[in-house]
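Encoded as structure tokens, here's the structure I'll be asking about.
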Amino acid sequence: MKFTGSHVLSISQFERADIESIFEVADRMVPYAQRQRVTNVLEGAILGSMFFEPSTRTRVSFGSAFNLLGGDVRETIGFASSAIAKGESLYDTARVLSGYSDVIVMRHPQEGSVAEFAEASRVPVLNGGDGSNEHPSQALLDLYTIKKELQHHGRNDVDGLRIALIGDLKFGRTVHSLCKLLMLYNNITVSLISPEELKMPAEIVEQMRAAGHEVIESDVMEERIAHVDIAYSTRIQEERFASQEEADLYRGRYRLNQAIYTRFCEPNTVIMHPLPRDSREGANELDNDLNDNPNLAIFRQADNGVLVRMAMFALILDVVDQVDKCSRDVNWYTGSRF
Amino acid sequence: MKFTGSHVLSISQFERADIESIFEVADRMVPYAQRQRVTNVLEGAILGSMFFEPSTRTRVSFGSAFNLLGGDVRETIGFASSAIAKGESLYDTARVLSGYSDVIVMRHPQEGSVAEFAEASRVPVLNGGDGSNEHPSQALLDLYTIKKELQHHGRNDVDGLRIALIGDLKFGRTVHSLCKLLMLYNNITVSLISPEELKMPAEIVEQMRAAGHEVIESDVMEERIAHVDIAYSTRIQEERFASQEEADLYRGRYRLNQAIYTRFCEPNTVIMHPLPRDSREGANELDNDLNDNPNLAIFRQADNGVLVRMAMFALILDVVDQVDKCSRDVNWYTGSRF
Amino acid sequence: MKFTGSHVLSISQFERADIESIFEVADRMVPYAQRQRVTNVLEGAILGSMFFEPSTRTRVSFGSAFNLLGGDVRETIGFASSAIAKGESLYDTARVLSGYSDVIVMRHPQEGSVAEFAEASRVPVLNGGDGSNEHPSQALLDLYTIKKELQHHGRNDVDGLRIALIGDLKFGRTVHSLCKLLMLYNNITVSLISPEELKMPAEIVEQMRAAGHEVIESDVMEERIAHVDIAYSTRIQEERFASQEEADLYRGRYRLNQAIYTRFCEPNTVIMHPLPRDSREGANELDNDLNDNPNLAIFRQADNGVLVRMAMFALILDVVDQVDKCSRDVNWYTGSRF
């Protein structure tokens, strides 16, 4: 795809080469995100950050990514007091708000709303999540993390990946998108581990199989995480079940902790999670005793989110080659951040 | 008036020459708002944006205008958790908050509150709307839009303007302010089209007539928009009426759509609205089928708001002549924004 | 203490020499806060401003202080929609959010939460208030104000200070912290004036006496403010009392106004208050008729807060010696702000 000036609404826009372009640029953003250098390539540019549904970390991650390129951020959070609530169409909202910024990131509870908004916008729009539909930057940061973690363990490619997806695979937007992205690669083995009620939609399973990937479905976790490169855990929300007992049963069954990891997993298996993980009694899908496990990649996922979002801004606003030219060394204390 | 260091609280501060100064500066802001150039003339300055009542577009428009001049913005939104709610006087709030910024824009639900705040502030204060009282930047952007639209159709002056104001003329702060501004010009013809219950206050009508302008009052729309340069529509809120039936009757009667426009209006008649327009069934004062009408100026109004607000900041902080000196070409993708 | 890269969680971290370092740097920030000069020493740096409990002035003061050093601010306000509310641990929140910024200021309703957060953070954390526990920048700005006010009256040192603390001394986090800081100095005389129900905790009184300071406790105000350098008033919240009558009695008894000041106080007695002061009928602990009293220092306290917070950022991020090197004259109108 042509990035310059484009909206990013869905991962279905991307071919494998596009994703590799994004990841290459993300790699080049590391010195800025890690504060070895600072760039002001987007000085004077404005990001319109429109979160009609709150999401602290997605909002702050996009905002920081834009600041790290030198730009300013104007934010809107919440819905109740917005003009949309007074009957304004998304068309009007988009026409108006796109006059205030150079690029917009938008999150909205309603499926398809961001695409509708983008159609009327006069500036590029990035989908920051539209209901149960799409959240492309999350899917990209997940795949980018997989790639980096594999590299760390000496593997150069996502092809041949063995991954387990664990938890709520029915409603989890994240795992749906990740599956779709993985279909762009070759020879993937996916273990889908969920309660019967929360299975991956059949359509996605069939697509993966039709594309030649191996898909295993199961409702027990332990054996299925024995031979994977990545164990990707997600949150099971109790309200998905008929009774509290049933919810507790399943949430308990998919808890990963250090003892289980040591007993079942290969030594290099990487643990991921879209966050937030629920650390309360009864949920606790990833136990805190994993926090010192060097293969717990959940916080590197969040860090990678900044890199991927910087890359998207740089590509869409066509400044990739100017980032370094507009840079200098950092002159304040940055410690050992990473 | 002297702009440098002044508060902007009411349109009654302005004489015609003042308005023309603002509009001249607004014209000079076009390359920055349209991202042909970027200026950092206000680098290091801080706008305190105090929205004790929410208003997304006014807030973002002011904030973006300040960013476009190179400044930073610190925002406060909402009322419930503010010190005012704990019994702090506006005097104290103003003394404290004015220590944190170089200029303040304030919106507050209570009439006169912004003026009271300004009196205690140590920095210039712009009124971003104080209840039903004043919203001077809205009135200015409306008049600026009228001027630009007339220019587009080959007319150099607001003198001699024929304008129809349609809808809720009783409670609409916007149309009151616009009438007051128009009185600074010569030979205006104003058609006031509203239900009997929502007529323009007699005092304003009398002032306009006393100043030699022609005022026509009516409760039907079609014939009255036949010979005007501007048809300025506003929202009729259903809660203004005794019954839903009556509300629907009137809201239905003042709907402007392309068929009515084609049948009744002169070919160059410009359509304006303070936004948001209500696009829901039953309201819909400006039909979406007008969206392709090149004379629908409602989004240009919003764009002009940024220009007028940039001009106000530049004049009040006395940097008009430095804006261009501190500028450079934009180096990121800007597409065809306008 | 070593400032570079450190958290600032509690005033108990500071020795007298540390405080004097902060105050020296705060003095050097005056030209920037008063807009004689502008510095961009922190250009490219990001402050993560996490206010899980709202506090407009603390938030804006920290944000403006960071902007005045040239940095950007990414804010989060409120709790309900945060990941913490969905069961995320403070550990996870800290790991994630600290990837988005160079330094964090955090306010949280729960005692100890900021320290817990700081432990997991990868960047320095400043405590912006954690429940009834600590609010170190408030204590520092109070002490800095005392020092500056004494200097203004020709005294070079806090040693020998005579201060009256008035109002709610039991629950007031501010006065507890101030007492602890004053213990770092010599020969302080403290008059504690409060209703019996709201007395200073015995532990603090004993510590002060043990350290050789003079402590006088009383439940009447007038005589006790006769021979002090500072009269520090605080808010008495009516909900602290059994009945409205009792609350009104006490709140009425500790009202300071110009007549009382003239009759009882020495001519140079400085009036302080942590703000907001309650100006409603029935509360009104510092009457508005004091507003023209040149010794009313309450707004200078707020201004000093910006200086102290700039100093903390400059010390922690180790840019003190670069602030002036990265500076230039201000080129916009600044009026007579102070």
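Per-chain residue numbering starts at 1, and chain names A, B and C are given in the order in which the chains are listed.
As a working rule, contacts are C-beta pairs under 8 Å (C-beta built on N, C-alpha and C of every residue); 3 or more make two chains touch, one makes a residue touch a chain.
It should be emphasised that the depicted structure is a prediction, and the values quoted were computed from it without experimental measurement.
Colleague: Determine how many degrees of rotation, between 0 and 180 and to the nearest 5, align the Cα atoms of chain A with the equivalent atoms in chain C.
Modeller: 120
Colleague: Examine where the copies chain A and chain B touch and state whether the two sides share over half of their residue numbers (same) or under half (different).
Modeller: different
Colleague: For chain A and chain B, let me know how many angstrom lie between their CA-based centres, rounded off.
Modeller: Spacing between the chain centres: roughly 40 Å.
Colleague: Quick one: which residues in chain A touch 2 or more of the other chains?
Modeller: 72, 75, in rising order.
Colleague: So in the complex, which bits of chain A are touching chain B?
Modeller: For chain A paired with chain B, touching residues are 4-5, 41-46, 48, 72, 74-76, 81-83, 86-89, 91-93, 95-102, 122-124, 316-319, 322.
Colleague: Flag every residue of chain A that touches chain C in the complex, lowest number first.
Modeller: Where chain A meets chain C, its residues are 35, 38-40, 54-57, 60-61, 63-64, 67-68, 70, 72-73, 75, 275-280, 283, 288, 291, 298-299, 302-303, 306, 330-338.
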